[in-house]
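In what comes next, chain A is part of two complexes: it sits with chain B in the first one and with chain C in the second one.
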Partner chain A sequence: MQNNNPENIIEALNVNRYFGAGNLALGNFTVSVPRGGVYGFLGRNGAGKTTAIKIIAGLLRPDFGTVRVLGKDPFTFTPADRQRVGYMSEKQILPVNYRVGALVKFCAAFYPRWHHELVAQLLGKFNISCQRKIGQLSQGTQRQVAFILALAQRPELLILDEPAATLDVVARREFLDEILRLLRDADGGTTVFISSHILSDIERIADHIGIIAGGQLIVSEPLDDLAESVKKIRFHSFNNGAANFAYPGAYRTISGRDEVLVTARVRDPLTVAQCAQRHGASYEIQDLNLEDIFYEISTR
Partner chain B sequence: MFLHLNPQSGEPVYRQMVRQLKQRIATGQLADGQQLPSVRDLSAELHVNPLTVAKAYQFLERDGLVEFRRGQGTFVAADRDRFSKAQQQKLIAPAVAQVVSEALHLGLSVGQLQQLIRQYYAKQQS
Partner chain C sequence: MKTWLLIKHELKVTFWIMPYVAFWVIWPPVFSLIHVGFSLSAPSTATFYPLIVMFAGVVFFREFWKNKNLSNAPLEFLFTLPVRRRQIFRVKSSLLAVSLLVPFLGIFAYNLTQPDYKVQLPYQTAEYRENSKIFYLGNFAGARLEKADDGKNENYIHLPSAGNQITAYNLGYVWLLTLLFYGATFGLGWRNPFYFMLFVILPLLWPLGELFFHERLVHKISFYEYSVAWLGRHWLGYWAVLLALTVIVYHFSARKFINAEVR
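Right after this comes the complex of A and B.
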């Protein structure tokens, strides 16, 4: 198998996974995540996101296909391999009867690179007392504890499944800053694989974007490339009416009375100019942000 | 260093950085030979991915506006290549197109627009 490019920290090839007979969660799911940086993994509910993440984290076995994380099958990870990967699941369940301090101590014992000062600093910053029992903390605060535990491992690969959904705005910003700090401290050595519905968060920190739909990865590329190439174009002032207008390869076309709105990949603005010229029309090109792009691509 | 970055504007963040840094270099807010913050520091200050800052610096370096000095950091290039006439016109064209279409929309004549541009030019130079 040739998917062992050391540049990629995660490689999945043609992964299929069924739940029950004929209920396909992932169908030929293929992804390559480059080492270093933040990979934002997006998809609608039910698109197969969490299944893919669990397979990458080594918690589910694919029915078919191969997965390599840090160059190895995550299902064969040794304890030493596990120490290199941090994972925070969508529904993290921490032991409710533990006090925060005791839980930290318990986890620290497993990780040789455990960052004690960071834990103390973040508990202080988020105002979480070591004496409190986990069960007494709010959902959001429990989330913050789980996040601190994942960060303290200083992992090479940090997998975060919908980590910020229950956090307030301030806590989310602090959370994003800590991810960026992890990247800076590792100086290019750390990769964060994060799924979220909060696309403004992803847009703030990610450099790579993957979009999953219907159990398949339909987009995987640098965020900048996506933002620079997916555009909305308004064609207007048609010489001979807009009736026969079509833009090749458009994600979406909406026809108005004397105008047409198209969402498409624009690799070269010249293509748009030529299309306008063929139809005797004028045009303007608009930028789209990540939320717009996600909507246009995942609903077409 | 404060830059105004809006990750949700649809314009890639590194481009927003390049645009604003170019403007500061052009207006002398960043002096020739001045050291820029390290990628690490600027990423922390602006709350953006260090790869984004590195990319912005690379684009500025490619355009000859900054230079990397080994082991020292990134500096505003002292002997910057001035742009050729053609390059200058290409770079300014989108902004001009925007202004002209706004002027048409508002019903300003070419003369009125020229008058305004002269005023602003004089103000910036003084």
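Right after this comes the complex of A and C.
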């Protein structure tokens, strides 16, 4: 597959990946991630997020399908390509018998664009001593170190798999601030591909949202469009009762005696009005936050 | 520059395992050399092996269950660095080879500086003595028969260059073990339980094999001696096979390592 659209930093087409016979982790997974901004990659446990991320990071190979990251197959990245991609895994295991300072020095030698000041600044901010051994740090602090290492590379593409999973609220806030600062400093030159179960974080920083379920990407669009289109509609005051009510394309319908709650894409409010009119009902449209949208879509 | 960094990294995070690897590998041939080979007065292998197996077994089990593998250098960390996987493999495999060969330098040095061997012929039966005499005289260059000075009926065979043959044999033996570790380490992977089992099975099998090869009381020609003698007559074939095996195993290991996937 050629990288047809240079605007996309990641392109995957019909990617399939099995772990053992019959254990399908990804099935016809297709995604296009635009260059610049933050792409929030969401999915329930076991949906295939980490498998997809490892394939994008060039650590796993798909059984079928093609992946292009920065226009190339990530599994065959050259060292020069790797310098353009930062990666922090879900279970980041750093070499435990390094001291923090030594590990920073080791990594810095591989990246010509290494941001020494940023590392010093973040280590101070997170209160991490260079003299501490990695193995002596808590899980959360180890993740902070991994995050600093990924950030200091000043990559074009930063892939973060559950980066804030074990961080406290303060560390998480600082972590998000740093991502935003990275994007600001890079002035559109950096793309962050991030997966997380903490949807309030994603909502705060993401421009695009992708939702994966059962190994397939079922939603991929700008967050604003998603928030603008997925609504909860309350139909009530039916003239002839709510028994035969149906809303086309609804994610979820909860029918009560006198009211029906529908979660659906509302691209045009006129459609809702026409549906209400058809069933002789009144209606109210409610906004949903990302967590609600994710819940409604992923449990449909 | 990057290669040197990787070497330092490997020494820091993985090299702790190497003395243990060497430990497993060094003892069988040392005992073979002392005990099975050309001396009749060495301490019994059986005395030491249980202690060695116990000690190393404890160390390995502890490390394996703690880290769930025999290396605390996660490949994911290395594979996301901007370095070619081939380069990482070269560094790892070279260090493994060196660490396995280093303990043998002493033995090689000893054999090379003292190539002269004097072997006492067995005296339990005339048949064994005659067979041994024919074997030594026929298979070792420059071998000659010597009578004991005190007039007792104990014949010795003087082997002026047997040490060189032993050195070559041990070098080949260690290299074969190194290839085995190459294949296991890079082919099976650190996380594979079979890799771990290799460290347990190998030293356990060795003394059993030794018992099978050698009848101590009557001192028949041992398997070890046959092997060394065979080597003396087939240098070219021996090194050709070793070279071919090296190429095959190295390529197999490199391919497996380079295509390794991090789950």
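Assume the second predicted complex is superposed on the first by the 297 of 300 C-alpha atoms of A that agree within 3 Å, B and C clash if a C-alpha of one lies under 4 Å from a C-alpha of the other, contacts with A are read in each partner's own complex, and residues count from 1 in each chain.
Heads up, the rule we're going with is that contacts are C-beta pairs under 8 Å (C-beta built on N, C-alpha and C of every residue); 3 or more make two chains touch, one makes a residue touch a chain.
Since the model is a prediction, treat every value here as computed from it, not as a measurement.
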Chain C versus chain B on the shared chain A, clash or fit after superposition: fit
Partner chain in contact with A:291 - chain B first, chain C second, else both or neither: first
Which of chain B and chain C A:26 touches, first, second, both or neither: neither
Which of chain B and chain C A:93 touches, first, second, both or neither: second
First (chain B), second (chain C), both or neither touched by A:177: first
Partner chain(s) touched by A:227 [first = chain B, second = chain C, both, neither]: first
First (chain B), second (chain C), both or neither touched by A:206: first
Chain B versus chain C as contact partner of A:164, first or second or both or neither: neither
Gap in Å between nearest CA atoms once chain C and chain B share a frame through chain A: 27
Chain B contact footprint on chain A (complex, rising order): 36-38, 173, 176-177, 180-181, 183-184, 188, 200, 203-207, 223-224, 227-228, 286-292
Residues of chain A defined as touching chain C within the complex: 19, 54, 57-61, 78-83, 87, 89, 93-98, 106-107, 109-111
Of all residues in chain B, those that touch chain A in their complex: 7-12, 14-15, 40, 43-44, 47-52, 55
Chain C - residues contacting chain A, complex: 1-2, 5, 8-9, 12-13, 72-74, 76-77, 79-84, 259, 261-263
